[in-house]
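When the chains are written out, they are named A, B, C and D in that same order, and each has its own residue count from 1.
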Amino acid sequence: MTVSFLGWTLDNPIIPASGTFGFGLEYASFFDLNQLGSLTTKAITARPRFGNPTPRIAEVPGGMLNAIGLQNPGVDDVIEVILPKLAQVFQKPIIANIAGSVVEEYLEVIDKLNSEPQIGAFEINISCPNVQEGGMVFGTNATLASDLVRRSKQHSRKPLIVKLSPNVTNIVDIARAVEDAGADALSLINTLVGMAIDREKARPVLANKFGGLSGPAIKPVALRMVFQVFEQVSIPIIGMGGVMTAEDAIDFILAGATAVGVGSANLRDPFACPKIIEALPGLIQHLGWSNIKSMIGGAHEKRHHRL
Amino acid sequence: MTVSFLGWTLDNPIIPASGTFGFGLEYASFFDLNQLGSLTTKAITARPRFGNPTPRIAEVPGGMLNAIGLQNPGVDDVIEVILPKLAQVFQKPIIANIAGSVVEEYLEVIDKLNSEPQIGAFEINISCPNVQEGGMVFGTNATLASDLVRRSKQHSRKPLIVKLSPNVTNIVDIARAVEDAGADALSLINTLVGMAIDREKARPVLANKFGGLSGPAIKPVALRMVFQVFEQVSIPIIGMGGVMTAEDAIDFILAGATAVGVGSANLRDPFACPKIIEALPGLIQHLGWSNIKSMIGGAHEKRHHRL
Amino acid sequence: MSRLVVQSNQWFADKVYQMVLSGAKPHEPGQFVMVEISKGIDFFLRRPFSIADSKNDRLTLLYKVIGRGTSYMTTLIPGDTLDVLEQLGNGFRIDPNRQDVCLIGGGSGVFPLLGLARRLHERGIRPTAFLGFDTKQSACLISELSRVCQVAITTMDGTLGEMGNVCLYQAMYQHSYYYAVGPMAMLKAIAQKTTNGQMSLEERMGCGFGACMGCTIMTKKGPAQICKDGPVFSAGDLIWE
Amino acid sequence: MSRLVVQSNQWFADKVYQMVLSGAKPHEPGQFVMVEISKGIDFFLRRPFSIADSKNDRLTLLYKVIGRGTSYMTTLIPGDTLDVLEQLGNGFRIDPNRQDVCLIGGGSGVFPLLGLARRLHERGIRPTAFLGFDTKQSACLISELSRVCQVAITTMDGTLGEMGNVCLYQAMYQHSYYYAVGPMAMLKAIAQKTTNGQMSLEERMGCGFGACMGCTIMTKKGPAQICKDGPVFSAGDLIWE
């Protein structure tokens, strides 16, 4: 079940996705977090953010929309209050998801978090669809994306994962650009921009009008992007989008993911990750593989061997 | 229930979407086609096309993938064999969906169909994700799209609807470009590019690897694009993507659609369209509106009045 | 997370059903549960429902049929099981020394007041309940509440009790403390008169346990999650636009 | 499209269930139905199943548990209803003057042969059935078929009948005409020996009635839809790579 990722050995490839797992603390009352491969924090910004007005959540067929708007207590509070609490319930390296309105905000957060030993890697979020400034703007423009990644890389003393937006014409272009700019790994995908309408009130359900679509509905798009990017880049991929079961996780690994992010599934079922982790070994055996490493990219005709 | 669209009066806004309704003939054995507002044909190309190898179909959460690859008997057969048959079971103007590998192929089909009186409008398909050449290539590049539309417009003696691809960073850019190039209306959306993996065989389910995602899973993305485009263009929109019920159809109208395309739903339930048409009047009344026209764009803060 | 068994699921009042579940953990009045409507993805999110009452392993929910999920719930029959996330939220805080309290419920807001009234009654407190409904048909819980407290009723159309809006009921402001549950407009009107009380809030929820930040409101003490820091708030902490 | 009622739904052989539905239209052997697994979007597409037998308003399906849909089907109980698109496809063509015919079935391919054998029997034709299974446990329909025709069996592991692949069975090529249903590899092997017969094909289907072009194959007569122009084809019309 172990996989090598960014130089660490993950006990298993399952990593809760940013924004669906808070800072882990709520889930610690449900199960022992150390069962996880790693965990990704909610997006961290330089200063506290309240986010968008409510309603921030809508149910849609096969998934949900969210327009949280990067609510978080800011990097200082994360360092002073949250990371010490998390250290008591989770002893593996975590992934810190980082967001900002401008490049300088990303750099400020990186500078401050650089010296936190709990953090194993940064995940640069250039794909949040729910904020006016920054966020997805970086993720939908190869030049802006690669500039941000290059400068982040100069500041960062930890491996840099870049989380891509699926709301683009050509995901491979962006993936290549950030790889060239120094990214150590990619996370894909973030949410698709969608909306729901309250037909009784004849207005959008979300106060923010639009929100990010996640859940099983986006799995085919996510799989396709992981598959395409795997063939064109040589850095590892955290694949995510609609993973609910061990079967879904395996699909992402066969498409080319080294690790698998689990997002909205945690909200529906707080035990989603441990259930997936428990089911994986049996499934891998049933499918006739000896280990996860050998399965990475297994659905490609010419499978690359890059472990 | 009537709406004006391209100068015609549709008895109702429900129009089966291209590729899910063949050329109507199969459905004529299920119900009287004249109940429909109009109907859209399968894509027509200059010469017969066999399409992609099978499997061409996969089920995914909340929808399906298809990689038909524009199978059709070619424009000559459509004119000689199919349109006369269709004339016997459907007496309203139809929408002919047109595709091609190169601009000249589109123009050839338009030239040939121009003199067919059954055809009320052309729907230029610049968004088929399942062919190597043409198709989505036009729909994901504003310059190519507007060039194709401009030249099609010069040839066409019928109103021109342009069917957009959702696989783009900015749908509004493309919509504006084709409006400027002379499009009379827009259809959105075509399918999202996705994939499914056969994990037992460790390979893509579809012979074509990737396919077009349709069904309820894409409804939030489709609604968002209709909503965004409605605010930025002044030509009417046929909204589609995941419409299964009258409620879904109303959501698209409130988002800004003048007519509503029903696609995959027809495959699951051949009576989907007549059922939706039957349910609409009661639903409109329940929601407190006097007619459909007044609902178009009703979910926008500043509602445009463009009927 | 538990699998609870439907013991009964019956019509209770106009568009309102009562569901009794067994196998449940104990709950405080004011807490809520997140119910998985069915397996599969037809209902992706769980639905939040307040505890109407909780006794031994029995949990009573009262639910109004609003949309897809609650419509589906009416089709469940005894013996069916439901996956439920239990013991969510903070619940009402009860001060045994505070005797002169009233309960204010508007519409579905009356549901969680039943368990609260019973709990107060166990503690020797007999509050007055002011209940507001649209019309006689939708009125409910009156006989149940009458057993443990005094009940005063308003309906918008005057078909039962006094005519008008419950928050216009002057008598309730004579009590020194309140517990209020109901539509935002009602809560706001009450808070503008007095903030001596607790209010239970509702919002669309992604998780129900503090992970998704879907249900955040700004309070005088900073951002708060309705699902975790609430749903019951001190009226004085809330901010109204 | 009809709502059929489940009359029975029982284990039939290893991983194979038999479902009898009432309220059905009459069907020809070789035709198929498209079954809606459940309402809602948990199963977006219908599933195609051949008619194992059709009598009065009763339709018998035999289904192998393969994936999500067929697993779910095993949970249905008598009285449940299913939305079914009926009378799809062309069915086997029977020539009453052709007496010396054999049936060839591999795995689940044996299911539609039951109705065909019974129909041939009604017409006074008594074919020989050559059935191939993986192993004894998965063998089925032998006693049912024995009543209306002669049966010869092969299993891959030799646990029942002759050991080996059914299409290697030389005896069957002594018959002047065949009806074959089974995996593509089996059909191809047979077609390479002789094309004097009909073959029923399978493919993933979007609609089942000719609208989506999901099930197209190239034949010697041009493109054909398995769902509409088939599923039964003259072996001589098929093209093998």
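Going forward, a residue touches a chain if its C-beta (ideal position, glycine included) is under 8 Å from a C-beta of that chain, and two chains touch if they have at least 3 such contacts.
All figures in this text were calculated on a predicted structure; none of them were measured in a lab.
> If you apply the touch rule, which chains end up adjacent to both subunit A and subunit B?
Correct list: empty, since no chain touches both.
> For subunit B versus subunit C, what separation do you get between their C-alpha means, in angstrom?
Going by mean C-alpha positions, subunit B sits 46 Å from subunit C.
> Determine the centre-to-centre distance between subunit A and subunit C, using the mean Cα coordinates as centres, and give it in whole Å.
36
> Which positions in subunit C touch two or more other chains at once?
41
> Quick one: which residues in subunit A touch 2 or more of the other chains?
Where subunit A meets two or more other chains at a single residue, that happens at 60-63, 216.
> Given which chains touch which, is the overall layout a line, a ring, a star, complete, or other?
Topology of touching chains reads as a ring, each chain with two neighbours.
> Which pairs of chains touch each other?
Once each pair is checked, the touching ones are A-B, A-C, B-D, C-D.
> For subunit C, which residues are in contact with subunit A within the complex?
1, 36, 41, 43-46, 85, 203-207, 209-218, 223, 228
> State the interface residues of subunit B toward subunit A in the complex, per the touch definition above.
These residues of subunit B touch subunit A: 60-63, 65, 140, 167-170, 192-197, 199-200, 202-204, 209-210, 213, 215-221, 223-224, 227, 242, 247, 250-251, 254-255, 287, 295, 298-299, 301.
> Given the complex with subunit D, which residues does subunit B contribute to the contact?
Touching subunit D from subunit B are residues 19-22, 26-27, 30, 42, 50-51, 54-64, 66, 68, 71, 205, 215-216, 244, 264, 266-271.
> Can you list the subunit C residues touching subunit D in their complex?
Residue positions touching the partner: 40-42.
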